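Here come two complexes built around chain A, the first alongside chain B, the second alongside chain C.
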Partner chain A sequence: MDGFSKYLVRRVFQFFLVVFLGITLAFLITNLSPVDPVEQTVSLMTNFGATDPRAVELMREALRELYGLEGTVLEQYAAFWSRVLRGDFGPSLSSFPTPVMSLITAALPWTIGLLTLSLAFTWTLGNLLGALAGYFRSNLALKLAGAAVMALHPVPAYIIGLVLLLIFGFAWPVLPISGGAQMNLTPGFTWDYIRSILIHGTLPALSLVLVGIGSWFISMRSLVSNIVTDDHVVYAELGGVASRKIFSQYVARNALLPQLTGLALSLGNIFGGAVIIEFLFNYPGMGRLLIQGIYRGDYSLVLGVTTMSIIAVAVAVFIIDLVYPLIDPRVRLG
Partner chain B sequence: MFKILRDLLRYNTEFLIGFVLTGAIFLFAAAHFFAPYPDNAIYMLPPDMPPSAEYWLGTTSRGQDVLWQMSAAIWNTMTFGLTVTVISRFLALAMGMTSGYLGGRTDQALMTINDTLIALPNIPILLLVYFVMRDQMSWPILALTAALLGWNYDARLIRSVALSLRTREFTRHAVFAGMSVPQILIRQHLPYVMPVIFFTAMNNLIWAIGLEVTLSVLGFSDINRPTVGGMIYWANQHQAIIAGIWWWIAFPIIAIVLLFLGLFLLAISVNEYIDPRSRLSRMGG
Partner chain C sequence: MRLKRMLAAALGFAMMALPVAAQDFIADIPRNETLIIQGPASQNAEWFNLWAPGGGASNNGLQQLTADTFWWINPEGTGETAWTNALATERPSYNDDFTQMTVKLREGIYWSDGVEFTAEDVVYTVETLIANPGMNWSAPLTVNVESVEAPDRNTVVFTLKAPNSRFHTLFTVRWNAAWIMPKHVFETVEDPLGFANNPPVSLSAYVLHSYDPSGQWVIWRLRDDWQRTSIGMTVEEEPQVKYVVYRNAGNPDARVIEQMNHNLDVINDIAPEGMFTIARQAGANSAYWFDGFPFAHPDPTLPSVLFNHQVEPFDNRDVRWALALLIDIRAVAMGSYRGAANLAAMSTPPTGTAITDYYEPMQQWLTDFELDTGAQTIKPYDPTVADQIAALVRPQWGEDIPEDPEQLKSMFGFGWWKQDIQAATELLQRAGFTKQGNQWMKPDGTPFTIRLMVEGDNIPTLARAGTIIAQTWSMEGIQTQVDVAGPTNGQRLGAGDYEAATYWTVETWGGHPDLSFFLESYHSDFIQEPGAVQPPRNLQRWQNEELDAIIEANRTVAFDDPKVVELGMDYLKLAVEEMPFIPLMAYNKFAPFDTTYWTGYPSAANPYSASGPFWSNTRYMIVELEANANAPQ
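On to the complex of A and B.
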């Protein structure tokens, strides 16, 4: 087997392992918890006045079946898997009788769009600035830019989003702070609709960029400043290779490899930040769906969104792993 | 130890600023033990008072003093962060050192598990845990869950250090001298790993505090225990921004940003101290 196939087999194995462990974990969390979701939903529904005890008993049975909580733990586990594979998490209780899966398929494109665009921007800009700052260490403008992104880096996503919301929503209201697109527009490939999506996505995307850019900047700068002292770079400098070429071909390209691995490793965390930002800006993606599901006590929705997020993140990591050989010839050639 | 601290304070401006900021915030948080009002009493004071000589940072719509609330809140938030950090350090240490020292197939298997856990999105899992626990959720459970999710990166880092220690001369000596694996790990290798632990601890603390702020802002923790995120949660519940009670939301945000800035400056300057390469490049070498 050549190097590439070996690499591929390992990545495919890793992908299935992530999905398997993630779904098992989701099952264990919901099963080991001391709170019975059926009782919880029943008490939520009988909160407003007395209900006939027989009706409550029927409701219990219906919910038990709906949530797949019949039989032994192993049977429940098998049932859970079959629901995941069929993509059937039952109807959502908070927007009955819409199936959880159709809520998720409506929300998923928003999250993917927001995350892909903002992440591509963050990663490119952070790495570019970081590489430049590592290569031209005495440049004052780059030093200042570095100080700015590094100061923002440790602040949690919610706080950055909230400050942007206060600035652009209240102090200087120029950008929409809620929703994914204007309500009265019909979705479609019209310029108005696309423009509306872009304008509504600006603040959430800007928050995600500000949250994420610092870590790429910091690690790229330290990678580059280590590579700069490597023999091959010193040799190229002495040989009179143009500094532009040294920067892009000798330094930045080598430093990019660990940064791509870093992207795959931190995707789970980045998704977490997006959940919070989506909720804050009322963006119609997976994050808002998840948090609203929690507030409304919608068991099937929360479980469905969590499971699908685990799978979605695993797929995204797998795609990055597939891109990796394209820029690292060592994997390609074995 | 004190000499290192003195030198860092004298020659490293970032460390100095970070140290002063973190120290000041710590003292401010510790002051809540002398607070004139109980932490979680509400409607004790006239609500919605702007900052004044009597209430320095104003009062909330729930009739609490913002200053003393914040003091208790920062203390609780820091306690949470430290708990997560300590627990997750032990996990990262055990996993990283074992994996690095044993090497081979064990290392491969452990690191595969590690990488799998890294790829899981933390926030949805934490939210699921909160969702199934609900009213029984308390901060120690939340801290434990966060710690279980927060050690993977650092285990990898510790493993790489342990991997290089494994082939060193003194390790072979220890093996021939008949030391057992736990003995070698604790008595021979731990001292080399300690600096990495300190550095990762700072980063982990920042991460854990950020997590606590995020979850309690959304109301996904014990909302009656004052925390920095919890203050913003209650301010949002009372529509503080729209009602113009800016001090309820502005001061907690400023406190969080200062705390993060202080911890972050400490983290990067300690990293610089531990990694001599970055010290060299700082000197222009």
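On to the complex of A and C.
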């Protein structure tokens, strides 16, 4: 077995192990939740209305049977895995009897779209600016850009989001602050709809970009600052190689490898940040679904969203791992 | 330099592009025919089955605009005008022993698909709900109904399993009620619990126009045959609101911004600070329940300090009264609502008909009420609290605060208990408590500490009230820790997993003096053992023989019998004497309206409808609104 094959087998094994452990942990944590979905539904059904205590007890019994909450934790765990392998998370308890998978299918594209776009921007822009700042260290504009992104870096995403909401929603109201697309617009591959999605996604994405860009900038600048003093770069400079070529081929490419590893490691964190941003901007993605599920004690839904998130992040990391050998020949050659 | 130029160019482009990129708020619907209301997000947006548990967000317009039943009570109303016969032509008619109820139905009502509404729809609804446990209203109908019959197209007769003088309340809307199902739609469905009911056939004046598959908004359209509905028959002219948008407008700050940008005409609730921002910055285009401060609309619910009577020493009446007398209600009003609270000393919300039926007639009794502390007899009631709070907020709100004491009462409440540390000390001493330094010790010699549960950010005003009360009790020698329960709040209250809490266990019709709405569940028959789940609403598990006698007497009198008020007063007096929980105030909601496009919203001066947009009663507001002639075209 050559080096690449060994690498691949190891990564596939790791992928399945991470998914298995992550989902098992999610199952245990959601089952420990003190929020009882039956009580939440009873509360919704009796809220604001006259309540006959005998009827409430009857209601409680009926819902417990309807939701299928019988059985030990182990039995529920076994049933859960058998459903997951069939791509079925059962019915949502807070939106009974809609299947959890239907809710996730509706929300997932929004989150994938938001995260992919904002991550692509964050990673590309952060690394590009960081690399430029590390290479052209005396450039004033890059120094200012560095100061700005570093100042934003420690600020929590929801604070940035709130500030953007106030600026672009109130002081200069030119961008929508809520929702995923214009109301009453028919979804489809039309310019109006795509434009609407882009406009509505601007502020949530900008919040994630502004917060995320700093770490890529700082680490890339630091990497580049080290590489520019390496022998091969100094030699190239002395040999009269064009500085643009030195920057792109000798410096940036070498500095990019650890950044790719960092990208894989950061995906989980970015999803966590997106949950809050989606909630703040009322964005119809997985984050909002997750928070609603937690509040309603809907552990089918929470488990479904968490499982899909674990799989999505693990797949993304796996893909990056597969791409890695194409960039770094040392991995390819073992 | 090139980089700087590029950055400047990018910024300039963005400045120009953003306004150009802006779209209309709603596509293809005239804004000046559209009322935009704050609604909830719906997880399963495709669902419109009002009778399935969790089957869609019912308060996104579905219950307000498409559903109907026999009777409606305006929670803000008083007297005869608060009651509306909707699908029924007259009030409920019972036999002598309340085992049979007959309902006469209105003729000429049609479902939105052109099918006539008849008594068969009612019979089908009741039988289907009973046959499907787990459906909404299935349980109370199963408990009560022996049989239901339709002797003719416009008459329904319910035979009950046992006497129940309040059976009709199952079909009487305050927030919602048992809605009538379209028989011709549901009878073709195998599983009514698993039926999405999309699009819903409407029995009211609006029908579904479109909805967001992500659950962010739903748009409803006025029916062409709106006259053939019970609400259509109550208005003389065609409703001017042609479209109603229920939209999830995000967090409270976003709601304020959206209303100031004229993208949200009706807000359900925001924080006091948001309300004050709108009043100050957009006052010319806004309307409120009160014309000025305190702006807020009082819901017929009663936030209180609840005590778990199954936990010592809260089973002791002297301890509960002592804790009440330690509270400085002015600090609570200022700290929770920044003064904009409608205080309540009695155990019913000071709203709707309770003002004339209970609060006004009982002022003298409250003023004369004496409390024996063991060392002295005091008169704890202070009828001047409204004046005192007015004096506290006047520096900030100036001329908005009137001098007339009657007006002040409607704004801030009638009165509350005087803070009386000495009387509280005497009551605690009589209960066997001693004070060591600044710490009260229980009769068993251990420190008297309290964990005061609050829900948290979901109801910030009550969390603030709880925090202030905890501080006050701590300063007076009872170390009190605020316990934020978050989403487990309701469950912990139900299971009795708390010592004290700021929440409410009293809700009323608002527009009717009958207190059975909450009081029926206070009977000791329904009190559970510690740890078992208590049915709503006697979450304090208060058990009292006199209370049982009042409840049993109330069961035997008709809903509209004048004795209802007498029995209500008996309960209120008992609650003052026993102080089972400490009533604080009505649940004030800050629900401003944008008048840019619509005028004629309900107010304290003209309370013709509920103003909270999640309440089904909002339908009476929607058909009465008038287009603002000065609205942008």
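In the analysis below, the second predicted complex is superposed on the first by the 287 of 334 C-alpha atoms of A that agree within 3 Å, B and C clash if a C-alpha of one lies under 4 Å from a C-alpha of the other, contacts with A are read in each partner's own complex, and residues count from 1 in each chain.
Here, contacts are C-beta pairs under 8 Å (C-beta built on N, C-alpha and C of every residue); 3 or more make two chains touch, one makes a residue touch a chain.
Note that the coordinates shown come from a computational prediction; the quantities given were computed from them, not determined experimentally.
Q: Tell me which partner A:T24 touches in the superposition: chain B (first), chain C (second), both or neither.
A: neither
Q: Could you say whether A:F170 touches chain B, chain C, both of them, or neither, answering first, second, both or neither?
A: In the superposition, A:F170 contacts both chain B and chain C.
Q: On the A-aligned overlay, A:T190 touches which partner chain: chain B = first, chain C = second, or both, or neither?
A: neither
Q: Taking the superposition as given, does A:L162 touch the first partner, chain B, the second, chain C, both, or neither?
A: Both chain B and chain C are touched by A:L162.
Q: By the touch definition at the top of the document, which applies to A:P34: first (chain B), second (chain C), both, or neither?
A: A:P34: touches chain B and chain C.
Q: Once the two complexes are aligned on chain A, which partner has more residues of chain A within touching range, chain B or chain C?
A: C
Q: So in the superposed three-chain picture, is A:I294 touching just chain B, just chain C, both, or none of them (first/second/both/neither)?
A: both
Q: Can A:N269 be said to touch chain B (first), chain C (second), both, or neither?
A: first
Q: Check chain A for residues that touch chain B in one structure and chain C in the other, and list them.
A: 34-35, 40, 162, 166, 170, 279, 294
Q: Can you list the residues on chain A that touch chain B in the complex?
A: Of all residues in chain A, those touching chain B are 14, 17-18, 21-22, 25-26, 29-30, 33-35, 37, 40, 137, 150-151, 153-159, 162-163, 166, 170, 218, 222, 225-226, 229, 264-265, 267-269, 271-273, 275-276, 279, 290-291, 293-294, 299, 302-303, 305-306, 309-310, 313-314, 317.
Q: Provide the residue numbers of chain A that touch chain C in the complex, in ascending order.
A: Residue list for chain A touching chain C: 34-36, 39-41, 43-63, 65-66, 92-98, 102-103, 106-107, 110, 139, 141-142, 162, 165-166, 168-170, 173-175, 177-180, 182-185, 187, 192, 195-196, 199, 279-282, 284, 288-289, 292, 294-297, 301.
Q: Quick check: in the complex, which residue numbers of chain B touch chain A?
A: 112, 115-125, 127-136, 153, 206, 210-211, 213-214, 217-218, 220, 229, 232, 241, 249, 253, 256-257, 260-261, 263-264, 268, 277-278, 281, 284
Q: In their shared complex, at which residues does chain C touch chain A?
A: 3-4, 7, 18-19, 21-29, 41, 43-47, 52-56, 133-134, 136, 138-140, 142-144, 166, 169-170, 174-177, 193-194, 209-210, 212-217, 219, 245, 247-251, 253-254, 257-258, 260-261, 487-488, 490-491, 494, 507, 516-518, 520-521, 525-526, 533, 535-537, 615
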